[in-house]
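Look for chain A in each of the two complexes below; its partner is chain B in the first and chain C in the second.
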Partner chain A sequence: MNFTITRQNLHAGLAAVSASIPSKTTLPVLSNILFEARDDSVWMNGTDLDVAVRIKVPADVKEAGSLTAPGKKLQEITRELPDAPVEVATRGDQIELSCGRSRFKLNGLPADEFPTLPSISFDDAWTVKGKDLHSLIHHTSFAVSTEESRPILNGVLWELRDGAMRMVATNGHRLARMSIPAQSSDVPSADFIVPPAALQQVQRLFKDDDTLEVSRDGNHLGFRSGSAEIFTRLIEGTYPNYEQVIPKDNDKKAIVSKKLLESAVRRMAVVASDQTHRIRLTFEDGRVHLSVLTPDLGEGHDELELDYAGEALEIGFNANYLLEVLKYMPTEEVCIAFKAPERAATIEPVASGGDAMDLLCLVMPLRLLD
Partner chain B sequence: MARRIHILPDAVANQIAAGEVVERPASVVKELVENALDARATRVEIAVERGGKRRIRVSDDGVGMGREDSLLCLDRHATSKISHAEDLKGIRTFGFRGEAVPSIAAVSRLTMETHDADDEVGTRIVMDGGRIAAVDDFPRQRGTTMEIRNLFFNAPARAKFLKSVSAETRAISEVVTSLALANPRVGFSLTSDDRVLLDLAPAADAGGRVAQIWGGKDAGSLVSVTGEAGGMEIEGLVQRPDAAQPGLRRAHLFVNGRPFRSANLIRAAERGYRTTIPHGARPWIFLYVRVPGGEVDVNVHPAKAEVRFRDDSRVEELVETAIRAALDHEASAATFDSSPRGPSHPMAVREPPPREAPEAQMALFTSSMEGSPSGDAGVAPLPVVEAPRPRLWQVLNTYILAETRDGILIVDQHSAHERVLFQRLMDAYEAGGQTGQRLLFPLTMRLTQAEYRQVEELGGLLGRAGFEVEGFGGDTVIVHAVPNPHPYFDAERAFREMIDELTHGSELVRSAKNQHERIAMTFACKGAIKAGQRLSPREMQELFDELFATELPHHDVHGRPTIVRLSAAELERKFGR
Partner chain C sequence: MISKQVETGNFFILQSGRDSPASAVASNPSPPIRRILLVDCDAFYVQVARQVDPEGAGRAPLLIVGGSASGRGVVTSASYEARKHGVHSAMPTAHALRLCPQATVVPVPRDACVGKSREIREALVELAPAVQAASIDEFYLDLTGTERLFHREPLEATAHRIRTEVLQRTGISVSIGGATRRLLAKLATSRAKPAGVHVVPPGSEEAFMATLRLGEIPGVGPALLALLEARGVVTVRDALAVQPEWLRRWLGERRGDWLHGRIRGIDTSEVDPDEERKSISTERTFRSDIADDEELERRLLRMVGSVGTTLRKSGMKARTVTVKLRDPSFRTRQHSRTVPGVLESDAGIHAVARSLLAGLRAEDAGSVRLLGVGLSGLQEDAVEQLGLFGGTTEVESERDRTLSRVVDGIRARFGEDSVRPGRLMGERSPRTDEDDG
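Showing the complex of A and B:
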């Protein structure tokens, strides 16, 4: 293998790929990047065995070939190189870099030791706008579970339908659901449960105005746009029936400034128990009283004015869940709706003119024993 | 008319009295050794033959007696120890009834040799079945020797009830051991048929005496107990929970230096151990209670084996709290190896340190280095380092290592978290209950019939633990809310395992004293973070802080240690420094 590449192209490619490389691994070849030079470009591949990233950069290829080389080291070297063409060549299992008067030889590993990436055909792909995908990921993926006992909840449910797509994430205590209209395509409906790590790479590598192709092959999902490809393993299983648990009859509604509520909850959270983070909200005509009482620590009280006309209602929440949900609300005002203190509360954005975003979050209450 | 009622001759009266005081050879030994101790002996030698049935010889280096006293002491109710009824309230000596020696003399062949410092020559008195057979001059150093031969030779009914030689020997050995523990500064020896059973030089304290009797290893497993309340004081040694074994218990109680038995106090001591030892384990307990004279009545039992406190419950409470406080102390944590730590000053009264996480090694640069080094204005001020906290490492995703001023603490994360969760739930029960997180997807579980009944029975308490359970008909339950003790908590699995253990029982469940504890223990055991769980530095710090905020940070609910200490001294020994 022998090619010449601009420092900028080499650096951009390495930076894009190296984020997919695991920082600690028992399999040494995973800390390497696979270089494949052919025609007029070089493909760089990195993977942690769950998610794989593939980047193509233009290069002047003198001799086609492939080799793996230490990713982080190459990235660090490239960052410090002068702005001049870089010549990359292999000698046996070593990779040689020359740029100006700088010379490096790094020990690599043969390309055939690198894991084979799934080969996914993008012939019958769904097409998705980068902006739409980003918005869905941003507003829902925070809600995935990190607890290992229910692996299915460790992924984000992505539903592709004719004319719409939707993402749902939950950890069983709170849930986020968002839908976006999508241009119809001929490909059939599909549901994927995608690990959030793959969605992070999607957010990182694709731009809002990219048009992505998405394709599935068996247990793998591929994303492609321009010179970047991402492959991920899907989480297998049936996602719980979330529609069934989203209340339709929450009739006690409060409209409140997101910013004011957020900062009041944050103040209460300081005094809340480190384990339960429990705070108490009492909704009354035109106002909400927030309070927290933690044995061994103390108590706090606060009050906000808001638009509430339902019956008085007292409900407990994990302050962290509430804050997370509020954080991802896109509007200045939000609508919180309840049925009863032991039932799920829903939180939705309140659009001030224009189209409302179809976003719904749900938080399960904490029981108030006293 | 013939008189039917008459006064018994002295000999018969003494034989009857002997029946109360002198039950068996061991009681003779007890009375004689106590007399020796009352005579301020510094060394007491006891020799017995055939379990004391043939011969008992107790000799001391105490004050001894003159001729007159020695004759008088053979009379009933002759005593040097009290003179008025009021004296009974503040008894500081072992004997006081003046019953022992005449009673023993009445049922044996007794030889007494004694000499006090004032007389020129000693006295020897020989008695036979309570009658004086001879009184001679006898050369002897200061002190008294009592030799009892053929005990119960004239009371065959009682002789018949004596047990085997080995059983009687064992009883004697126990009596001497108990008295030796009560008086660690007195030397003791006990020989049985020329075999030396005990040979104890005067010891500095009770810990030293325990080491003499049972060896340093067992002595090293003891931690000191001190406590004080309302004029009563308690000192002593109790076994570290991790060393407590089922089976033979060594429990010795002393009040004002007098051994006594009390099942209630032993139970109080065990309450102090609650949740730190497995069910059935019998920790060793050596407790020395000191109460003002009026607080205890020792004149309850002829052999003085039992005493009566004016307020039993206060003594029990003192014992329980003192033991609990001792187990709370870091010294009760398991040590790195089983080699003795040596009870260097086990009886020394120590202020228990304020409960807080052990401090870390001081950092090289601390905030005490105030201001910037003098000189050039260009030098930036030293960064202010926060108060040093233990630096924590996780090892094998199972243990947390912390550096302390005196070495290393190794904390078992599962055990530590068990203790934390137990405490948290018990506290929550007191305050009403533990918060339950309502579930978006309630858990549906099929149970066996027995499990279902158990859940029904415990419903309220489970609810207050955060588990909101509803019957769903048949043998299925729905769990609507669960506690959320940590981010890795698997509620379904924990609940299943809890119900299984609560239904089918286990050592843990049996060791609980009530339903609250049963649930808190199983919740702690099943809900605690597991070994193998990777923890972030913040999580480790939280666990560490919470552990040291519990009542008994050194032991988990199974009685296993949560903390193992590796002291600088142990490290130095390992490296041969």
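Showing the complex of A and C:
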């Protein structure tokens, strides 16, 4: 393999791929990036076996070929190189870099030791706008479970329907759901449960104005746009029936400034128990009392004015769940709706003007025993 | 330097019998000098084993308790005679037998030990106002305020009296350390052993500490020792001469301050008779090493049942599950996970424990010598996080909880082996095929 590439292109490619390389691994070849030089470009591949990233960068290829080489070291070297063309060549299992008067030789591993990436055909792909996908991921993926005991909740449910697409994530205690009208039509419906790590790469590598092709092959999902490709393993299983747990009859509604509520909850959280993070909210006509009482530590009280006209209601929450949900609310005001102290509360953005967003978050309360 | 500060009423007073600068400036001009004793049984398991089996273990001067004659398991305790050969607790019994081949090995008489421990505690409760069991064979007593009651009897005389009384009533010989603080009482006990009493008089705490090696102080481990040794600090005396600013700079603010207090014997912890249980755990050393994943999972399931029952009996719920593995080279690894809610059912605990075991096995699938399961983050009136899909946590449903309670009820009526998980059907009872080391 022998090619010449600009330092900027080499660095951009390495930076894009190396984020997919695991920092600790028992399989040494996974710390490496696979280079495949052919025609007028070089493909760089990195994977942690769950998610794979492939990036194509233009290069002047003198001799086609492939080799794997240590990703992080190459990235560090390239960052320090002068802005001049870099010649990359292989000698046996070594990769050689020359740029100006700098010369490097790094030990690599043969290309055939690198895991084979899933081959996914994009012939019958769905097309999705980068901006739509980013918005869905941003507003929902925070809610996935990090517990390993129920793997299905470790993924984000992505529903593709004719004319609409939706993402849902939950850890069983709080849930986020968002829908967006999809541009494309005439596509078969599909549901995927996608690991959040893959969605993070999607957010990182694709731009808002990119048009992405998305395709599935068996247990793998592929994303492609221009010179970047992402492949991920899908989580298998049936996602719980989330629609069933979203309350339709939450009739006690409070409209409150997101910023004021956030800072009041954050103040209460300081004194909340480290284990349960329990705070108490009492909604009354035109106001909400926030309070926290933690044995062995102390107590805190606060009050906010808000738009609430329902009957008085006292409800307990894990402050962290509440803060997380508020953080991803895109509007200045939010609407919190309840039915009863032991039923799910829903939180939705209150749109000012025409830019309504179909986003709904749900937080299960803590049972107040005293 | 310190005495000058006391005279001038400086804020930073350090005086014996007072635990912190803050207590020294409290409105009460002279808080009572605390009188703490640590009652520590001498080779407890050995003494109990001899009581249980006077003809066998009772006649063997070289006695090892724990493990088996074939060499599996670890030493739980060894007689003082056997200790002279280099045998100590937690050592593999096989190794102990190489050091002391003539020794008699007996299994741990668990039930007798629990009973004896309770007997000792009952005796102590009559002798001191506050008794806290620190372990099966260690008890802290707080005698603060008993001076008049005991007609100004010196603490040392009280300790001797308690020692004699415990020996007469339970047949167990104890050693007692006494001081103004728990930490010092504990350190004094090692001077008292075996069968003696050592009291650090009020005012001589620092002098006592200066006679110790740094490694003797609880909480000072090999890493900290190495760090201090690299800076020329080897003994407590060396460390006492180091300015607190330097300790902070070397160890960080928190650890530096901690060590500065620790080497002066400062310890504000109370003797708390009601101290809550902090964790529930069980571990087993197998008769022969196990490398088979399925077999390990079966053992895990059985141990989960055991800690789960204890958890529910104590009316607690747990937030954290820990699984521990030790391989034949004595390398110990453990993984823990805290769940968002609380756990109380075997099914819930098992789901978490199983994935922890899988994680440990993924790192290294070699042979396993010991397996342990622990529950911590125990709460009595746990705040319940309600779940979207039923149950209060993702891993445990209301059905799981009910099932565990029902099974506990059946076992209480018809015996431990009356109900078992399907995977454990057809197995022998745990005690017969495993080593208890």
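The rule is short, and it goes like this: the second predicted complex is superposed on the first by the 370 of 370 C-alpha atoms of A that agree within 3 Å, B and C clash if a C-alpha of one lies under 4 Å from a C-alpha of the other, contacts with A are read in each partner's own complex, and residues count from 1 in each chain.
The rule is short, and it goes like this: a residue touches a chain if its C-beta (ideal position, glycine included) is under 8 Å from a C-beta of that chain, and two chains touch if they have at least 3 such contacts.
These figures come from a predicted structure and were not determined experimentally.
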- [ ] Could you tell me whether chain B and chain C fit or clash when both sit on chain A in the superposition?
- [x] clash
TODO: Quick one: classify A:M364 as touching chain B (first), chain C (second), both or neither.
DONE: both
TODO: Kindly classify A:A182 by the partners it touches after superposition: chain B alone (first), chain C alone (second), both, or neither?
DONE: neither
TODO: Classify the contacts of A:E147 with the two partner chains as first (chain B alone), second (chain C alone), both, or neither.
DONE: both
Open item on the list: By the touch definition at the top of the document, which applies to A:E342: first (chain B), second (chain C), both, or neither?
Closed with: both
Open item on the list: Let me test your reading of the model: by the given contact rule, A:D274 touches which partner, first (chain B), second (chain C), both or neither?
Closed with: first
- [ ] Quick one: classify A:T170 as touching chain B (first), chain C (second), both or neither.
- [x] both
Task: Which of chain B and chain C A:L97 touches, first, second, both or neither - done: neither
- [ ] Determine, under the contact definition given at the top, whether A:A37 touches first (chain B), second (chain C), both, or neither.
- [x] neither
- [ ] Would you indicate which of the stretches 57-65, 93-101, 111-119 or 363-371 belonging to chain C has clashing C-alpha atoms with chain B?
- [x] 111-119
- [ ] Determine where on chain A the residues touched by chain B overlap those touched by chain C, and list them.
- [x] 147-149, 170, 172-173, 175, 240, 242, 245, 273, 275-276, 278, 316, 318, 342, 344, 362, 364-367, 369
Task: Touching residues on chain A, where the partner in the complex is chain C - done: 145, 147-150, 153, 170-173, 175, 240, 242, 245, 273, 275-276, 278, 316, 318, 342, 344, 362, 364-367, 369
Open item on the list: For a test of understanding, state which residues of chain B touch chain A in their complex under the given definition.
Closed with: 424, 427, 431-441, 464, 466, 468, 480-481, 484-493, 542
Task: Touching residues on chain C, where the partner in the complex is chain A - done: 319, 337, 339-341, 351-352, 355, 359, 377, 379, 381-389, 393-395
TODO: Going by the contact rule at the top, pick out the chain A residues touching chain B in the complex.
DONE: 146-149, 170, 172-175, 240, 242, 245, 273-276, 278, 295, 316, 318, 342-344, 362, 364-367, 369-370
